[in-house]
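Each of the next two complexes has subunit A plus one other chain: subunit B in the first, subunit C in the second.
Our next item is the complex of A and B:
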C-alpha cells in the first residue's frame, strides 16, 4: 500500500483547481484521470468563455486548461493519466488501475488522508427509432471528435437539444467544416444563451423548437432523419413530419453527474433536478458526509467550467487546511472570497436557479457527529 | 422574447433594451453596436475598451451600456466578446455605402476586395458586400474581424457573411 496525503479523482477544471490549491499550500497531491489527456472537458472547449476578468473570461477553454496544467506542474502535482479509479474503501483507500508506459495496467491501492472526487458528468441519451445506427452520437462525443481528434463525424448534422452544449457544439461542427441542417428542440424556447443561438442563426442553421426526432433512417448508417412538431403535451402531431437528409445526429439532452464512486462508498446522496440527478451531499467546505472525502465540480451538480474551478478551489483549500497547511483565518478568508465569486456566477436568469439548488444541497447536509 | 424562440434578436427587442444607436451618432462616424440583451455573467467588453465607453459594473450579470460619445468605433471590443455579439457600423463610409465589421471564426477567411454574400441575423442573404478589411492579429486570439462595405440601407440588418464551403 502506497501512502499519499491527497488523492484527487479527475483532472478536469475542478480536480486540477483543487490539486493546485492544496499543492500550493504545501500538500502532497496525486491526481488520477482515466483519460489519456488531462483537462477534462476543457480541451474540447475551443470557444472563448464567459465570466468575469477574475475567471480569465474571454479566454478559450483549451487555453484555461493549459494554464491550469502549467500551474499544477509548477506546484509539483503528480498526475497519473490513463488511470481509472475503480474503488474506494474504508479508511480512505483508493484503488487505481494505473496506466503504465508499456500499455499494461497495474492495480495500486493508495491510503489517502484526504480524497477529492471531481469526476464530472456524462451525457444523457435520447431514444428514438434508429437511435443505435452509426452516426447517432452524443454532442460531447462529436465535440471530442472534431476538437481533440480532428475527425469529422460526417457532413450533415441534425442536433437535438438547444442548451449551451447543443448550441456551442453546432457552431463548432460548422467551424470544423460540417453543415448543421437543423437544431431540434422539444421545448418552446431555446435553452441556452441567446448569443450562442444567434451565432448559429447567422450561419443559417434552422431552429425547430417544439419539435423532436421521430426516427433516424439508414441501413449501415444514418441517411435521413424524420422530425415532427410536438403538441402542448409534447406528443408528435401527425402529418407534421419532415424528412431531413443527414448523416449525423448529435444528442445534447443534458448531462448527469457521475457519482458512482460516491455511491460505492456510501456518501449520502440527494436528488436534484436542476443539477441533473443524484449528487453527494456536501457542506461549505465541499466535504461530503464522510469526513476527509470532498467533492467538487459537475459531480456535485452539472454547471460550468468556472463554477467547477471555484468548487475545486474550495475543496483544495479545505483539505489543505484540515491537514494543517493553511491557518484557519487565512483559509476562511480565501474560502469566503471563493464563495463570493461563486455567488456571482450563480446570478441572473440563467444562474439563479443553480444558486437555489446549491443552497438546498447545503441546507440538507446532516449535522456532523 | 423573439430571441428565446427564434435565436435571433429583433430590432424591437434591441429598442426595448435601449441598444439602438441614434442616427445622430451614426452621422459622426463608426460606432460599436452591442447586441446583448440577456443577463449572463460576463464582462470582458468592459475592460476591452480603453476609453471606458462600455459599462457593466456590478453585478456582473448587468447588461452592457454603451456611451455613444466616448466610443470611437475602434472595434477592439469585437473580438473580445465571447458571445460574438459586438459589431461596428460606419454609416459615413460613402454616400451610398456603410461598413459593417463583425467577428468571423470560420475558414477559409475572405480576402480583401472580394465580393461576398452579406447575411442578416437569420442567415438570409440580403445583399452583396465588398471585403474592406480582414483583421486577425494575435491580440484577437483567433477571432478574425471582417469589415464589409454594403449599401447603407442594409446597415442595420447585415451582421455576417455567408460561410464559404469551398474546401
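Our next item is the complex of A and C:
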C-alpha cells in the first residue's frame, strides 16, 4: 500500500485544475488517467472558446490543455497515464491498474487522504438499423481521430445532431479534409449557436432538419445512409427516404456523466435531465456525501471545459484547505471568486438552465453527519 | 489509401514521428510509435477491429476514448485489448479478434 495525500481520477480540465490548485497550495497530488495522453478532451478542441476574458475566451482548447500541463508540471503534480482506477474501497483506498495493456501492468493500492473524481462524460448513442456497423461512431470519437491522432475515419460523413458538438465537429471534419454530405437534425431547428451553424451553412453543407437516419447500410463498413423526414410526432414519413453515399456516420446526441466510480462507492446520486443523467450529490466545496471524496467537471453534470476547470479548482482548493494547506479565510475568498466565475459561465439562454440545475443539486445535499 | 492528415489549417503540418513496423493480420504496416494502435489501422483504412461472439458482426471505432470496447483486438497474443488507448510499439503483432479471442472459451477461436 502506497500513501498519497490527494488522488485525482481523470486528467481532463477538471482533474488537472483540481490537481494544480491542491499542489500549488503544498499538497502531494497524484492524477491517474486511462488514456495515452493527458488533457481529457481538451486536445481535440481546436476551436476558440467563448466566454469572458477571465475564461480565456478566444483561446483554443488545445492551448488551455498545454497551459494546464505546464502548470501541473511546475507544481509537481504526478500524472500516471494508461492507468485505470478500477476500484474505491473503504477508508479511501484507490485501486489503480498502472500501465494498462502493457506487459509491465501492475495493480497498486493507494491510501489517499482525499479523492477527487473527475471522470468526465461519454457520448450518447442513437439507435437505428445498422448503427453497430464500423463507420458509425460518436462525433467526439471522430474528433479525437482527426484532431489528436490526425487520421480520417473515412471520407464522406453524415452528421446526426446539430447541437454545438454536431456543428463544431462537422466544421472540423471539413478542416481535416472530409466531405460532410449531410447534417441531420430531428428537431425543426438547428440546436447549437448561430455562429457555428453559419460556418456550416456558408460551407454549403446540406442541412436536413426534421429528418433522422433510418438505416446505415454496408457489409463490413458503412456504404450508404438512408434518411427520412419526420412528422409532428417524430415518426418517419413513408416515401420521403433519401439515400446518401457515405462511409462515416457521426452521432452528436449529447453526453452523459461517467459516474461508475461514484456509484460503485455508494455516493448518493441524483438524476438531473439538464446535466445528462445521474450525478453524485455534492456541496459548495464539491465534496460528495462521503467526507473526503470530491467530484468535479462533467461527472457532476455535462457542461463545458470552462465550467469543468472552475469546478476542479473548487475541489482542489477545498481539498487543500481541509488538509490544512490553505487558511479558511483565504480559501473562502478563492472559492467565492471561483463561484462568481461559474455563475458567469451559467448565464444567458444556453447557460441559465444549467445554473438552475446546479442549484437543485446543491439544494438536495443532505446534512453531513 | 492513406488516411493521415498531412497538413491542417489550424494544427499545421504533420509532426515528425518515429516510424515503426507492426504486423496486422500477418501484414506488415508502418505506424507512428506511441500513437493508438487504432489510429495506425485507420491510417491504412482498416476499420473492422473485431467480430462479435454470437452473430459474428463487425465492430470498429465507436467512442475512441476507452469506454466502449468496440475496438478490442488481439495484441501480442492478448485478446480484448482496447486499441484506442493502447500505444504502438515496434514489432507489435495485432490480429482481428473473432468472438472473445484465442483462449477465451467455447465461442473463441
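Couple of notes before you dig in:
The rule is short, and it goes like this: the second predicted complex is superposed on the first by the 365 of 369 C-alpha atoms of A that agree within 3 Å, B and C clash if a C-alpha of one lies under 4 Å from a C-alpha of the other, contacts with A are read in each partner's own complex, and residues count from 1 in each chain.
We take it that a contact is a pair of C-beta atoms (placed from the backbone, for glycine too) under 8 Å apart; a residue touches a chain by one contact, two chains touch by 3 or more.
Here the structure is a predicted model, which means the values were calculated and not measured.
In the superposition on chain A, contact is made by A:201 with subunit B only, not with subunit C. Once the two complexes are overlaid on the shared chain, A:358 sits clear of subunit B and of subunit C alike.
Of the two partner chains placed by the overlay, neither subunit B nor subunit C lies in contact with A:114. When both complexes are overlaid on chain A, the residue A:190 reaches subunit B alone and has no touch with subunit C. Contact with both subunit B and subunit C is seen for A:177 once the two complexes are overlaid on the shared chain. Shared-chain residue A:344: touches subunit B; no touch with subunit C. In the superposed model, A:136 lies in contact with subunit C only, and not with subunit B.
In the superposition on chain A, contact is made by A:60 with both subunit B and subunit C. Note: residues 60, 175, 177 of subunit A belong to the subunit B contact set and to the subunit C contact set alike, using the contact criterion stated above. On subunit A, the positions that touch subunit C within their shared complex are 34-36, 41, 46, 60, 82, 100-101, 103, 122-123, 132-138, 140-142, 144-147, 149-154, 175-177, 219-221, 258. Note for the complex: subunit A touches subunit B at residues 47-53, 57-60, 174-175, 177, 179, 183, 188-190, 193-205, 207, 209, 344-345, 347-351.
Residue ranges of subunit C in contact with subunit A, taken from their complex: 3-5, 8-11, 14, 34-36, 38-39, 42-43, 47-49, 57-68, 75-76, 78, 81-82, 85-87.
Of all residues in subunit B, those touching subunit A in their complex are 1, 3-9, 35-44, 47-48, 59-61, 80-85, 105-107, 119-124, 141-143, 159-160, 162-163, 165, 167.
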